[in-house]
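Structures follow.
Look for subunit A in each of the two complexes below; its partner is subunit B in the first and subunit C in the second.
This part shows the complex of A and B:
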């Protein structure tokens, strides 16, 4: 703006420009958060069901608890799957782990009279061993974890099936309920403190703890680095193998955690328990902005993704829409999420 | 005493001889350029120096004592820092997190160790300011930086963590002229701090601009080490191309040029004749 007398206007213009630039920078910072897409989608999904099914009970406390419980089933897995995904790996065996762990708890208790706490500890020990083996194979062979854990998916499911039939003659184990009274471990895996099922508390707790670890510890930093570029991470001294193996152990353990909660809740389990749970966990993590190729993502995002899944799954129930449409909705949301997140990531890498 | 000395180092992969009888010394406060064409053995030599590979034969001495490095981390602990060509940074991680990757500053709350991100951001900002980069935001992703800036961050990181030897793998090869000049400036800055810089490149002009000592590799062997005063840029270029081969090539090029000139001469005469004939007919 030329001329002395226009100085005031010029500075006002400059001020407005600086102010706008500042605003834009903040907006950009917000936009490059991995979970932004998921939070937007969550709000949209909530508004949609509040409008279409608000009067049928979606907005009641009962309705809310309902979708939180379903969300927790996805979320307990999704938070650990997210960390593994940020580290650049997959665990497809987590669903089979749920089936296996359920049987490892139910059969010894109902058939051999073990105390539940012992069976639970054995199940966790078993899952950590399987997780270690998955991780070790991935690190040693350098094969894609997709293939390694696909093999464990079939192995675990098949072994669970075969051994259960051999021991029980059925594909179901039931009657846990009468053994649970007074067991020291049962209290932390069952019940509903403050009216919310224990699974919701575990979900919230895991989100806080794992989310905190990811952003506030060296180990969290290494998870990003290992997934971003394992060779670069190794060159600066990050223990790549240890990080990956520990995360495979974590995903297997969360599968067992969910199995434990479910077995204690229903008193029974089935060899098919947890089928496809691995894919729903991956879907939650992806909707939450976690990058399939690693190096980018957030635990909080995965939790929001799981909440969206739970909300849609239960929300459809309250509307007049046939619940069979759920899978189609899930597929469409996944596609939309991937496209949106891909765009946001490109924004994150654009020069500012 | 040199900081690093390789004595008669050979590296074989199966039956392939990648390096044969290489001896080099790296002194403190010098820029030692490793020159060579593609396939000369430069990258194998860097990997030995940085602890990725171990020599098949020969010794690696650090401050006069033989060492056996089993990983880049062990080299790093001795103060031998390597900035690999394209593996220096994780683009989706913030500058601060990249800067401190593997050596995160920690705050202790009882038994719990927390990544001290405020200290980390402060130091990152400070260190980059020292080499003339002022960051808009140390929490921005490394992917938002240019190639030269990334190299600069990597060099600043190595210097900050007390590198005694800085190995730079083709740091200028992917850069434009201006950016390359900036990186060369950082190399000189590191040298004046008493760091021994090993500068790997196939660009003689970049090497000549900053180098004190030059070692030329060709097909896994060394042509020897030369002080700047004892060699010329042209001589280095000639050695890199394999000496005689380049002379042969020159002769060949000359022949092609000669053959072309006789061909061209014939063509000219033909055209002239045709034009003359045409002129005769029209009269």
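This part shows the complex of A and C:
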């Protein structure tokens, strides 16, 4: 019978209602994801620069590769910093790690004739040790990681400074270029496959791998648990100490990865390399929807945040804004991106 | 209706005329340096750039990284190349880190002039010329000047470690003096530098002479000297000018300041490129020396007023 409560039209109407409600529920679920706000902000920023600076080079291939490279540098650090942030901790020492690792690679090669692959391996080993130490201290003393890693920030930078000047009587190590031919490890850390610098490839790879780990493995669940409530996590058997220490080792390692890529690319390094990189990594993670308080966030969000930061930093260049106003404009745009992100997330949470 | 349409078209047409005038090629020149405008030295350079933009009618953009960062600077040069300017002006404090980006600019057909630092690599990288002061030569001049006054032991303050230009100054000073020179690495932070140098003074009360490599190092050192009661009693020279340095010179608390006339380092490259882009004119030289000029107690007062305006 076509009419009535159980008729075809009524049930068709019910089916359509349920279908729409299901769609809305899915949409709401999508909007609550940490990344949506970031992606929206990314689109907004892109449109802004495309309109105001598109003809001045922002939309060209070189222009795009340019901000992708800058985004990659933030992104390689931001993805690991995001994991650590979800677990409730900070690593302020990665910037100094970049400087230290750069010197650990450059000095043995240019001054003592080491093969580059050996210096690179030693640099990674050093960073894993430092990461372990950072993590161990945080777990053992239960002091805020902010303080512990602030101390290692100064220690590492100071040691880099002192040892470099003692060994080289100079603050720069240069001339790497002539030692790189035929070295086995150099190829995976340098070059530009398909015209995109290797840093972009590493950034994409790390995003995929770490993102997968976060959402598809029990280790990833542990990270969320540790960040949400470490004591409760411990009570249900999550190895909190091991998770935290391994994450500090990861952030230190990504710092060394970036240092390696930069030293091989520029052929030189100086004692100031990497300064303030930790702040930009944290900013990228936060813009991407990771909460400073931990327990919530995503790797993909951090990557989008890194891309936004890189796009804004380089995009301003193509506009006609006078350099005197750069920092103010950068700060304003970042604030706008974060507020938009926040607003969208609140809207989504409210509508549930 | 018809008159309205015609009026509208006329108004629109007249609005387009200035745009047509714009489209008549204002040379677009980009200046990328390693110096932040927060540094009083580079503010003078930027003033030179702005003045040259006014005088030549070119559209000039000044870009620099937020701090001394060679990776960021090479990315800024890449961005400059991507925006296809008519000319590029760069400083080259680290030839290794910047050579790829600069050579890419030259390969893209953009005329490049180097300034301030990198005089030794300028031609090799494909730049048309270098406008600046030969750092090593200037340092040597300072060293020889102090040697002539009987100095045998000196300390040199470096505020921007990693900058090849400053390191060349220090090396020149050491060779020119021929004596014992200790290089003290300080920072761009006033208090840190003053305290670091005050500590040095305490440990080395017999210091004969001081050479600062810039006002960022000289001014805190001056304060440390005043607090230790040693101002005017040790030979004290510096590179580059600032109002404080000039006051100290006129008071006799400093002996000399080496003026590299950085206003010209911002001004001349833009003028040269603008004329090259517009008319194909280029002066036939590889190097335009803007220094060293020595400012002493005798001519300090004249220079003081100009320094306050950010011209010297």
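Here is the rule we go by: the second predicted complex is superposed on the first by the 298 of 352 C-alpha atoms of A that agree within 3 Å, B and C clash if a C-alpha of one lies under 4 Å from a C-alpha of the other, contacts with A are read in each partner's own complex, and residues count from 1 in each chain.
As a convention for this text, contacts are C-beta pairs under 8 Å (C-beta built on N, C-alpha and C of every residue); 3 or more make two chains touch, one makes a residue touch a chain.
Predicted model only: the values in this text are computed from it and were never measured.
Engineer: Between subunit B (first) and subunit C (second), which, if any, makes contact with A:236: first, second, both or neither?
Structural biologist: first
Engineer: Per the contact definition in the header, classify A:336: touching subunit B only (first), subunit C only (second), both, or neither.
Structural biologist: Neither partner.
Engineer: Using the touch definition from the top, say if A:171 reaches subunit B (first), subunit C (second), both or neither.
Structural biologist: second
Engineer: What is the contact status of A:345 with respect to subunit B (first) and subunit C (second): first, second, both, or neither?
Structural biologist: The first partner, subunit B, only.
Engineer: Where does A:271 make contact in the superposed view: on subunit B (first), on subunit C (second), on both, or on neither?
Structural biologist: Once the two structures are laid over each other on A, A:271 reaches subunit C alone.
Engineer: By the touch definition at the top of the document, which applies to A:228: first (subunit B), second (subunit C), both, or neither?
Structural biologist: A:228 sits against subunit B, while subunit C stays out of touch.
Engineer: Just to be sure I read the superposition right, which of the two partners does A:217 touch: subunit B = first, subunit C = second, or both, or neither?
Structural biologist: In the superposition, A:217 contacts subunit B only.
Engineer: More residues of subunit A in touch with subunit C or with subunit B?
Structural biologist: Counted on subunit A, the partner with more touching residues turns out to be C.
Engineer: Find the residues of subunit A that appear in the contact set with subunit B and again in the contact set with subunit C.
Structural biologist: none
Engineer: Can you list the subunit B residues touching subunit A in their complex?
Structural biologist: 50, 52, 71-73, 76, 82, 84, 87-93, 97, 100-104, 106, 113-115, 117, 136-137, 140-141, 143-144, 146
Engineer: Per the contact definition, I'd like the list of subunit A residues that touch subunit B in the complex.
Structural biologist: The touching residues are 32, 215-218, 220-222, 224-225, 228-229, 231-238, 291, 295-296, 345, 348-352.
Engineer: Spell out the part of subunit C that touches subunit A in their complex, as residue ranges.
Structural biologist: By the definition above, subunit C touches subunit A via 37, 46, 59, 61-64, 66-72, 74-76, 78-84, 94-97, 100, 161-162, 164, 167, 185.
Engineer: So in the complex, the part of subunit A that touches subunit C is made up of which residues?
Structural biologist: Answer in residue numbers: 56-57, 60, 62-63, 66-67, 69-70, 73, 161, 165, 170-172, 174-177, 262, 265-268, 270-273, 275-276, 314, 317-318, 320, 322-324, 326-327.
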